[in-house]
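A single structure is presented below for examination.
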Amino acid sequence: MANAIYTFDLLGVAVFAISGALAAAERRMDILTFILFGTITGIGGGTLRDLLLNTDRVFWIHDPSYIWVCIGASVATWFFAHHFDSRRRVLLWADALGLALFCVLGTQKALAWDAPAIVAIGMGMMTASFGSLIRDSLLNRPPVLLGPEIYVTAALLGAASFTLLQQFPETATLALPLSMTAAFALRAGALLFDLRLPKYRAGQE
Amino acid sequence: MANAIYTFDLLGVAVFAISGALAAAERRMDILTFILFGTITGIGGGTLRDLLLNTDRVFWIHDPSYIWVCIGASVATWFFAHHFDSRRRVLLWADALGLALFCVLGTQKALAWDAPAIVAIGMGMMTASFGSLIRDSLLNRPPVLLGPEIYVTAALLGAASFTLLQQFPETATLALPLSMTAAFALRAGALLFDLRLPKYRAGQE
Amino acid sequence: MANAIYTFDLLGVAVFAISGALAAAERRMDILTFILFGTITGIGGGTLRDLLLNTDRVFWIHDPSYIWVCIGASVATWFFAHHFDSRRRVLLWADALGLALFCVLGTQKALAWDAPAIVAIGMGMMTASFGSLIRDSLLNRPPVLLGPEIYVTAALLGAASFTLLQQFPETATLALPLSMTAAFALRAGALLFDLRLPKYRAGQE
């Protein structure tokens, strides 16, 4: 279990780092800025989570492998990004995969630190969305998070379903893959079929 | 005293959450984004304060009531915001009330954690303004904080007057309501009468 | 050594505070906003560093002299900024000096807290750039950090050369001034001769 979490965590950091480096590619930045954006996007959400939980040490200070993964993913993006026809599309899908992994892993870590359920769900949503929020803010782009298609809802689904499933011995072992799949499926559906929640209208009712 | 502080704190979180949800209403977001903006604006300032003071646990992890208040206030805003003629006006007044409550409560908490007076005053100003700063940044609006009318000055007045009044036994019991009233009165005056500090001019003297 | 570090640290805070106040001058803000921007820019990078390292207390809560330096530098800027022909130029040079000081001091503090080398270098780069990043974000300006001339590379040079030099007894005493000079020289060269790293091009190779 611990091994699976670690692997998923590194994978989530890597795909978010790729999405950050792709955002730098859109703006034609230099390679150091690729690494900077990749790293901030990759570890941003987990960093805020660890600060708020007041863990002994932020995860990447404890284990610098995360930094190397970010650097590696960013450099790889510099060399290979031009092979993709639509970098924007790849960015959105990398972001979706990172979202699905991190909303569950963030919730899992908060529960492991004895946070109440509602707090753990909030942590999961935040871990999943904070990195991409900084990435888009730095580039002064409209945040993916506030885009019209379902985004936060997918993180909520992943975080809430994991919180529920891990409580029962029958479902605990499958909680991790099931809730990640649910979150990814909803975000993927939103991207493919343009799913949206109803918007606020002034004279509603 | 502890009870009064807790009540004021929940009230401050609620009015800031309303101002955050109203900002989401201006942009016609969906209900989950209402809750997201309400929650970030409601607890943002206090979260930064607790991180900087290095308290054992950020207040809303310790006591999730704050999260529920944010969710409740945001959902209520979704259903009732259209009853108001000028949502922008309501947002500014909710923000002013939150400002008055939080500049004093932030100072009070920093003093309780043995921060020096100048630091406690800074913490009060920051607790009062950080939530609304994130709210406006996320929406890419000019921050209320940097608006032409007096804003930070009102927070400074509340924080400094509380720091002064709580030092003397004669005034300590009234320090909380008096300094909150002073901060609110100054911000209200600024909104009503368009009070401004003199601006920097290049060839001044 | 400890004395030299403290002096450099106060100096770095002062020059960053001046750059923050100059940014407020460009937008014709009032004096309290000068102080606000000066303080945020002056202590922003070090604050994030201390939060991530989970030090007992953020440095300016422990020693409020830093706050007074920020206030003093901001007020001085309010009164003297109009003597300069090109405030933008002064801002860039104050920022360059702050960058050189903080990339090394941030690395030094992280190493003192037993961070691995790659983490310490990242901390140095972050300490040097975070304050100016918030300053520019708040004013909604394109960040100096993302400007075309070399910036992050200079911070990397300072942080990496300090990490290397402080390991050997022969060079440890000179590590601080040498690496600061290297970082400043590179950033100064970038400003004077418009040095740039190659940008990403879509069809590169």
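Read from first to last, the chains carry the letters A, B and C; within each, the first residue is number 1.
Simple rule for what comes next: a contact is a pair of C-beta atoms (placed from the backbone, for glycine too) under 8 Å apart; a residue touches a chain by one contact, two chains touch by 3 or more.
Just so it is clear, the model here is predicted, and its values are computed rather than measured.
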Homomeric contact chain B-chain C: same or different residue positions, threshold half: different
Magnitude of the superposing rotation for chain A and chain C (Cα, nearest 5°): 120
Distance from the mean Cα position of chain C to that of chain B, given in whole angstrom: 29
Residues within chain C bordering two or more other chains: 51, 54, 137
Residues of chain A touching chain B in the complex: 51-54, 115-116, 118-119, 122, 125, 133, 137, 142-143, 146, 152-153, 156, 196-205
Complex contacts: residues of chain A adjacent to chain C: 24-25, 27-34, 36, 39, 47, 51, 54, 56-58, 60-61, 64, 67-68, 78, 81-82, 137-138, 140
